[in-house]
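In what comes next, chain A is part of two complexes: it sits with chain B in the first one and with chain C in the second one.
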Partner chain A sequence: MNYFSLFNLPETLTLDTHALASSYQTLQKLTHPDKFATASAQEQRIAMQKNAQVNDGYSVLKHPLSRAQHLLSLRGLVIDHEQHTLGDPEFLMQQMEWRETLEEISSDEAALEEMQTEIQANIKDKLTGLASLFEDEQSNNEDIANEIRKLTFIYKFSAQIDAQLDKLDDF
Partner chain B sequence: MALLQIAEPGQSAAPHQRKLAVGIDLGTTNSLVATVRSGQPQTLPDSEGRALLPSVVRYHGGEKTIGYPAQAEANQDPVNTIVSVKRFMGKSQDEILATWPNLPYHFVQQSHGVALLADGKSRNPVEISADILRHLRDRAEASLGDELTGAVITVPAYFDDAQRQSTKDAAKLAGLHVLRLLNEPTAAAIAYGLDSGQEGLIAVYDLGGGTFDISILRLHKGVFEVLSTGGNASLGGDDFDHAIVHHWTTRWGLSESLQKAHYRRLVSLAKATKQALSDGQSITQTIELDGQSFDASLDRTAFDDLITPLVKQTVKACRRALKDAEVSADEVLAVVMVGGSTRVPLVREQVGAFFGQEPLTSIDPDQVVALGAASQADILAGNKPDNEMLLLDVLPLSLGIETMGGLVEKIIPRNTTIPVAKAQEFTTFKDGQTAMMVHVLQGERELVDDCRSLAKFTLTGIPPMTAGAAHIRVTFQVDADGLLNVTAQEKSTGVQAEIQVKPSFGLAEEQIAQMLKASMANAKDDMQQRMLKEQQVEAARVLEALEAALDEHRGLLSEEEFAQLRQSMDTLAQVAQEQSTDAIKEHIEIVDNASQAFAARRMDISIQQALAGKQVQDI
Partner chain C sequence: MAYSEKVIDHYENPRNVGGFDKNDPTVATGMVGAPACGDVMKLQLKVGENGVIEDAKFKTYGCGSAIASSSLVTEWVKGKTLDEATTIKNTDIAEELALPPVKIHCSILAEDAIKAAVADYKKKNA
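This part shows the complex of A and B:
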């Protein structure tokens, strides 16, 4: 299933989120089971299957990470739900540094927020890099997959910072 | 013949005819039925003008009494008078007895769940609920003068799959076509019109006779999302009554034996006193017990003192629900009050103080859920074709499967918009293995023991292969009512694996079929006539929808496909004139098969057209 074509959107990593939301609403109005509450059993079944695809497609396209995974799967490589360790020593070093820093500043709200800003900038960089990798038809799928794996880690790390900030808020 | 036929998918261009649809609040203490008349939702009262139907059924001498008369007889015949059966829906005997150890009923353990022995016959909670629903259906049909097209039935937001399935099964047994199961707090929010215009958080505070629920909803771009639910299944207005009785008997120094002998009378006086104090400041009265007169006066201040600890408990639950939803009280846009006990002034005050705003109380709190359900039923039945609003619901609890070591792997997380379908691949671990079992659970915890077991599926018919060679793709589908359906397929051979569903609680498909048959034997002709008519109506509906579809999209079919479909339709039209329910059913299925690809192509075309049209507008 190509969710980009279901939502009538171009196959790119950078996506117009307004266009996505607007397509989603149009598709909901056409496929939601409530619109078929008095229709025949067959129409209800087809609508429900379509609507489940629409919901799944929306959740996949909404987030850049799952959108990237989906784009890669359209290029022929499926990497979601995998257990994979990265072999990039430079990135591993950075991960360790980040983790240490997070521990040191765990009760310093301003420092945590500063770090979050840095991480967000890093995510943006990675996404831009990924977007151009996707645009180049010559790109190697494994290279793209590795970039997505790094991104997965950085998103998780960003969530950890948020969780730490929430904890400080509770006091 | 109309000059121009414009039909939405799923809606035929037939002349506009108002469909009779109702909303039913199948409550723990009371149940109600409501419908939309002249654009306004209103409850349908009984012949004595009472909207409420106490959720009480008494089985006695081969007969059943439902509602007020059953409630009046409950004291003299507690064993055979089932009160608040909703508590038992989708539950096991152990769960029931752990929460309510002192129930007067005779429980009978069954293979799936529990039954109650009353009047010499065991009935499960689904059958008892069906008796209540049938009573409401009869009331609605008598008052509206025709058969119902369908019903929206409300369920608590936290109801799991087993409880929802049981509710739907009860409706099926009662001969009701369920348009949708709707969450109670969502229904209450709809009754207040909160689904149009505003966006933001809504708190629904529901204090009934014996239960308390708090739900935090988010309304965003036409999506009603349940963010969190909380409450107490054994705290309600009845506890206020008991607090008053305790206050009196302590003041009087009433002996335990006298208390016991007159407890029922004391409770009814307490209930009346509580209701009087909702409007007045004090009440002066006496009660005669065994020839002795006692002063049963009470003023508002004393009453407030008595119930403060109870109300505080509910406010605490509100705070926890907000925390679970990760929002704060000042973000809440509106607070909706549901349940008769929210008439108590102290409750309104405390809830208002906690959320920092006046709660919404203008609609009768006993009726608000049924009224919202009626509005939604009216839309779903197709009586408001211009309605743009959509209620998107979410899965209330995560669905997962058991993996090694008694752990649960989540397949579909909670708060996922439904309907949803997720596939998971399994493989065999032994050479030549032809069957495997999948245990499906619902809940947020990591251990199997901490989640609710929904069902065990046995997949059979897997082609024998070496270990790990078979790839079985199991698809979990949750429909718009939050109900789960599972299919499985072996990928390399395409063999459809058979699935045997063993629901952990509730009823298996065959049991429902059996019960329907049994109820038919009782009223044989009536039921058979009804089923024949239902099939004839369904046949007409299928044909009418297809004719409209062919008018519009004839070009989507090849000559051969068209000829085949046309022939199957003609045959169905003929068979539908005759008296065989089974034959009509069979030919509907043939038409269904012949038109399957056509229907899917039509859906795709309508999507393409709508999205292309939107793009033109955007430019």
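This part shows the complex of A and C:
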């Protein structure tokens, strides 16, 4: 299933989120089960399947990480739910240091926010690099996969900072 | 999801947390990460003259199963030679800790951390 074609969008990592949202709304209306209330059982079933596809597709395309995984799967390499271990010592050392820093600044709201800004900039850089890897047909799928795997760690870390900020807000 | 008693024990009383100087030629450092969950694990082995692991330390950012897997591995590798240590299988770790199928990757991570550390040592002392 190619979700980019389903939503009539170009197969690129950088995506027009407004176009995605409006395409989603249109497809949602077209396939909504209420529209098929008086249709035959078979038509209802098909509409339900389409509607589920539209919802799945939207959630995949919405987030850059799952969008990148989907894009890579269209190039022939499936990496979601894999049990692969990443062994890039330099990258992992940095991840370790970030997590150590997070422990140190866990009660300092300003420092946490500053760190989040830094991580968001890092994510943006990584996405730009990944987008150009995708644009180059010569790119090796395994190289792309490794960049996506690295992004997984960074997004996870960014979520941890947010979780910590939420915790501070609760006090 | 319920953790087994052994996982909880290692999680609440992790053995050998910490690290050694990674530039020390007798120290083997294994860094691994699991993209599926974003867990990061550092395993360090202090290797004696005859290739026997004298001490081991770990630092893991991840779930209870990942912490327990690395904590257990630091206990298991002590007194083993590097070659013996690489025979530790993730299935042994998973069995000892009674890890559920969704947490098997934590034991794979710990096995790969040993392999990465041994590879680091061999590269350093080649």
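By our rule, the second predicted complex is superposed on the first by the 171 of 171 C-alpha atoms of A that agree within 3 Å, B and C clash if a C-alpha of one lies under 4 Å from a C-alpha of the other, contacts with A are read in each partner's own complex, and residues count from 1 in each chain.
In this text, a residue touches a chain if its C-beta (ideal position, glycine included) is under 8 Å from a C-beta of that chain, and two chains touch if they have at least 3 such contacts.
Remember, it's a predicted structure, so these values are computed and weren't measured experimentally.
Would you check which partner chain A:92 touches, where first means chain B only, second means chain C only, and both and neither mean what they say?
second
Who does A:22 touch here: chain B (first), chain C (second), both, or neither?
In the superposed model, A:22 contacts chain B only, not chain C.
Answer with first, second, both or neither: which of chain B and chain C does A:75 touch in the superposed model?
After superposing on A, A:75 lies clear of both chain B and chain C.
Who wins on chain A residues touched, chain B or chain C?
After superposing on chain A, more of chain A is contacted by B.
Touch test for A:167: chain B only (first), chain C only (second), both, or neither?
It touches nothing on chain B or chain C.
I'd like to know which partner A:152 touches here: chain B for first, chain C for second, both or neither.
Only chain C is touched by A:152; chain B is not.
Once the structures are superposed on A, label A:49 by its partner contacts, choosing first (chain B), second (chain C), both or neither.
So A:49 only meets chain B here.
Which of the two partners, first being chain B and second being chain C, lies in contact with A:124: first, second, both, or neither?
In the superposed model, A:124 contacts neither chain B nor chain C.
Taking the contacts chain A makes with chain B in one complex and with chain C in the other, which residues are shared?
Dual-contact residues (chain A): none.
Which positions of chain A touch chain B when the two form their complex?
6-8, 19, 21-23, 25-43, 46-53, 55-56, 58-59
Along chain C, where are the residues that touch chain A in the complex?
Within the complex, chain C touches chain A at residues 29, 31-38, 40, 42, 59, 61, 104-105, 108-109, 112, 116, 120.
Once bound in the complex, which stretches of chain A touch chain C?
Touching chain C from chain A are residues 79, 81-89, 91-93, 95-96, 99, 148-150, 152-153, 155-157.
Chain A touches which residues of chain B in the complex?
8-11, 19, 149-150, 179-180, 221-222, 379-382, 388, 390-392, 416-422, 477, 479-480, 538, 541-542, 545, 592, 595-596, 599-600, 603, 606-608, 610-612, 614-615, 618
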